[in-house]
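Multiple structures are listed underneath, in structure tokens.
One chain, chain A, links the two complexes that follow: it is found with chain B in the first and with chain C in the second.
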Partner chain A sequence: MSETTNIPRVVVIGLASCFGCQINITNIESHLMEVLGQIDVRYWQLTSSDTMPDEFDVAVIEGAATTKEALETLASVRERAKVVITIGACAATAGIPGMAAPEWQDRINDVYGDNTPAIVSDIACKPQAVHDVIKVDYEVPCCPIDPYAFVHVLQKALYGSNEYSRTSTMCGECKRNERGCFYGRGILCMGMITKQGCGARCPNLGRPCNGCAGLSPDANLDAARVVVQHSGVPLKRFNDALAMFNQDDPRIAL
Partner chain B sequence: MTKTRIEVDHVARIEGHGDIHLEIADGKVERCEFAVTEPARMFEGMVRGRYFEEVPYISSRVCGICSASHTVTDILAIERIFGVEVTPRTRAIRQLLIYGSFLQNHATHLFVFAAPDFLGHKSVFPLADASPQIFEGALALKGLGNELCNKVGGRSIHPITAVVGGFTNELSPAEYIELADKMDSMLDFALQAVDLFNDFSVSSFETEGDMLAMVNPGEYPIVGSDKAQFVRAGISFDCQNINDYIEEYALDHSAAFLAVMRENKRPYFASALARVNSSWDALTEPARFAAAKAGLRPPEYNPFANNVAQAVEIVDALIRCSSICRALAKDEFEGTSTPVEFQVRAGRGVGFTEAPRGALFHELEIDNEGRIVSANIITPTSQNIANIEADMRLLATLLVEEGKAPDDIQLEIEKLVRAYDPCLSCSVH
Partner chain C sequence: MLYRVIDADELPALVEAFMRDYEVIASVRSGKSFAFETVHSFDEIVLDYPTTLTSLKKYLLPPRETLFEYDMEDGVTDYVLQVRPRVLFGAHACDINAMNNLDLVFDDKRYPDPYYEAHRRATMIVGIGCIPSDSCFCHLLDSGEVRSGYDLFLADIGGRYLVSIGSVEGANILEAACNPREATDADRRAFREYTRRRQQAFNPDIPSVQEIPMLMDAFHSDDFWEELGSRCLNCTACASVCPTCYCFDICDVLDPNAQTGRRERVWDACTSPQFALVTGGHNFRSGTRERVRHRMYHKLNGFNSKYGRYLCVGCGRCVHACKTDISPIKVLEFFERKGAEDAE
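Take a look at the complex of A and B:
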């Protein structure tokens, strides 16, 4: 907290991402002012051209680190921030940008061929999750974040909380909704091994889980692979889908 | 020798990171770059080898604003390859989903990014006190776009329900009617917005580039036609042959590819303005009248007119969405939106939609197991960068000739860039 006032000074920083998590925060217009009333937003690239201040209390970070500048920014933010919160899958697991991390140079060649612009070769580095670069205090998962999940985490960061992190999988939440299971229809779903918390948003709308919240600490990958094979879904599909939002998780190694 | 140097590090109020480098000596432009420095995420590389079902889901993450456009465009490319015919009802809902992102995008661009320039503010926030009615209307309009995407796609960004063959979930008739009523109630404000943007004075000049938009006789198409047209050259082509008409190239100062017309190497502008120029007759009547009243009539080649064109499209989109919602509620479109059956097969296909910022193409090649062999995404902004640079050069020369001060030239050049509504995270992807 600031020395002179009790209002925490907040900066919002965007790294490699679609900007969707920041946009999703602005999408709760009616509650946004109540949330913003509790904080002093000193820097928010997306909405204002003010420059980054030297002093602040809370840093909210979206996106994966994919440039040398991003690595420097993160180091300097960690030095100054009392609390670091990441929003979204790109920051939490390297997310979608992280899919390009294995064989990174080949992925650059896929896109640019022999004509890689100097500006890309000069700045780019292999995508990383923010917590692989600096210590992170709170993570808001999913792609995109649920803005209310962000508000919940921000409250925890501002006022403290004795709430334990839940470790169970999305599959349990989905079962309680009683909408049936995709595996009975031979359709791949990542709910068995994915962190809970979204209320099974996609399955409720008829779409299987893509695992955007990342692997649950309770995930039993061996058991999940047995279920996948029994349901007639090719194991390769499951293993490929695992790589989508868990690039930085050593458990996905085969 | 008089030398004017303009350096803007991170152009404010656009999406993503881009810099302006401009040097003018004795009235001659010596350097003119719109440098896209946004980090590339290598989408075209990361989707190689992945199963087709995952790909529209991945490509929606190119952009948090036009995610619906990327999703639908990818789905169209896949359906082209597999030979999937969807129902008229599915086509109508796709249109609704894309219009949702039009409303989101145009409201954000016009009020949050562009308007402060003309009202002498640094951001949108002073508008809350200066013109509360406009501020609240702008938020309500953006909110309605979010709600439309949220209801139809299951989320305000990165739609869940849109899949190859149809939709996995649909609204009830009552929900469609509720949306239609909300569209109707926003119309008055949307008409005021056209007048507001018409009142802003802008530099008078014409781009020398061409304009590109989707066309279909008798329609104002945003999805559903394969035909694209260069408005000035009068050249039309089928989107499947895009590489015969559009040439992408790389420059060292831009992480995004640039594009020109293949035939004459002329740059071009894909945008709301291109659509208004090419499909003027098919605009809904209130939108066309509002445009004409605001002095926007085809042919209009001043890129600043893109702001008014977007305001006109908000009017048009509200009327169309209301009517689509009411027709969906009354079950007037043939078929259901339940995904149709299809067989995976190998091939190449191009998906084409009008994203809020202009023509968007996704080219995919799939093998016979349904895995991606190659992908190419051509976004409106990457097509526009060459034309932005050409217009910057032209406008800067004019302003120097008029004896404008460097600060004024810089602001005018920034306004020009913002009128293009560039999305640099899209352009790099």
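Take a look at the complex of A and C:
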């Protein structure tokens, strides 16, 4: 950590995103000062116009990389940070910006036609998840993040943890909430292929999972598609829903 | 076994008597299904529920339980045993057998689990006879009847209940709340009729297979496991709803202040991809074939070799919870197919 003090120096960086995950960090309210007391926030565009310092220990990144400048920022952040934490679905999966990733150059043409301003081609790049650009140490998933999940991951990075990360999908957590299954009612739910960890929060509130935590590395898409078809949900809806948060994942290709 | 008979209209008084000193847990309607929840009046209770989404396990082994609290400076600050005196009212035979199986593991004389023990000591169980639904196969795994592990067990014999008394505490509450009378020959005949009706209600399409533990060994390498495992979604819903899946993980949870925290025990599942991952990075069951097979082995073979009975009690909850139709019924059907092939 820092040479002169033991307090880790943290920078918070916003790339292409709604900045909602950064805002959500402030929603820990009563605990915010406790958490800020454990770190030395050197840069946070959302809260201060101070420019990014050259030296820091932990970089927290929200958003997808959609510009050449973002790629440079990420490269330089990785060089300087001891720990890189991404927050939110846009950073972890390219998220909403990532939906433009397939044939992204055609989309520029769709918008500007033959009159694409030079600046657009100068700055744009294919929307990418942060881990597709640089090595990421920790990811806080979901859209938006659970701010306590962020604190948990930050502390894991600062102090270590005996917890291992699970790749099981969400139905197990959903059943712990004693929720019946949406598929029994013919409603599309992405829980059966989405990484667990959020506690199946949306289904517990009566809404199907939209998969914002991203595909589990152990998602069984073939088996899931059979379930979808048997339940009477059109397969196209399932495949379209997959595209929202998993553009960086080659497994969604049909 | 001591039997008494009470009239059906005495049941509310029995429940109210329990409510005076206990939190009463019973089956209530929950969406399209049923769930065990705390009830505050007899009217909330559904006595003739087919099954519930999840089991009574959560009252003896909570999904998340604090074992102790700690402080970064002072170490362990509080050893926590949060126990509420409860009565589980209206448990089916399979579920009482399931809790008896959990007792074998956690109430072990040499290695007792103090948390489980505390919950169990504070829990009374009132069983109720049931009419099996299509996914029930308790009778095929020696769990259709229950001989111990309850305080009272009620069987509806038409306008009255035959009450099997399992404990002094149960008898005392029954005596105080109702007017139990000796069973007459007419009651016994009504009970026999009820038993016959129940036996006849089991789904005949679920095959009865002899020597299941041995067959599990005989077909350990069969392609069946690859086929069954290939459907697994890795979701662990099976273990969440299972009344006898008791595996857990332990982890430390730091509070946001980074000064205090809790050591927690949380449910784990052998169908979770990381379950058999060990230090050094090797995973002993890295594929769904191995994990699904392992789960079935523990239920139908492994537990038998240690405790002499099936761990699976045939409650059928995983039959509903698994969206890709993986359940012990599929294993029984496989053995029946193999038996038919061998006979040819």
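Operating definition for what follows: the second predicted complex is superposed on the first by the 242 of 254 C-alpha atoms of A that agree within 3 Å, B and C clash if a C-alpha of one lies under 4 Å from a C-alpha of the other, contacts with A are read in each partner's own complex, and residues count from 1 in each chain.
Rule of thumb we're sticking to: a contact is a pair of C-beta atoms (placed from the backbone, for glycine too) under 8 Å apart; a residue touches a chain by one contact, two chains touch by 3 or more.
Everything numeric here is computed off the predicted structure, so don't read it as measured data.
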{"item": "Fit or clash between chain C and chain B when superposed on chain A", "value": "fit"}
{"item": "Partner chain(s) touched by A:G186 [first = chain B, second = chain C, both, neither]", "value": "neither"}
{"item": "Partner chain in contact with A:V227 - chain B first, chain C second, else both or neither", "value": "second"}
{"item": "Partner chain in contact with A:R166 - chain B first, chain C second, else both or neither", "value": "second"}
{"item": "First, second, both or neither for A:A241, with chain B first and chain C second", "value": "first"}
{"item": "Touched partner set for A:N27, first chain B, second chain C, both or neither", "value": "first"}
{"item": "Touching partner for A:P250 - first (chain B), second (chain C), both, neither", "value": "neither"}
{"item": "Least C-alpha distance (whole Å) that remains between chain C and chain B when both complexes are overlaid", "value": "14"}
{"item": "Common interface positions of chain A, toward chain B and toward chain C", "value": "none"}
{"item": "Contacting residues of chain A [partner chain C, same complex]", "value": "28, 31, 34-35, 38, 148, 151-152, 155, 158-159, 161-176, 178-181, 183-185, 191-193, 196, 216, 218-220, 223-224, 226-227"}
{"item": "Residue ranges of chain A in contact with chain B within the complex", "value": "15-24, 27, 29, 46-49, 66-67, 70, 95-97, 99-100, 106-112, 115-120, 123-124, 127, 143-144, 201-202, 205-207, 210, 237, 240-241, 244"}
{"item": "Parts of chain C lying in touch with chain A, wherever the complex brings them together", "value": "30-33, 35, 53-54, 63, 230-237, 239-241, 251-254, 256-258, 267, 269, 271-274, 277, 288, 321, 323-324"}
{"item": "Chain A partner contacts - residues on chain B that touch it in the complex", "value": "10, 12-13, 15-16, 35-37, 39-46, 48, 50-51, 54, 57-58, 61-65, 67, 112, 122-124, 139, 142-143, 146, 154-158, 160-161, 163, 168-169, 249-255, 425"}
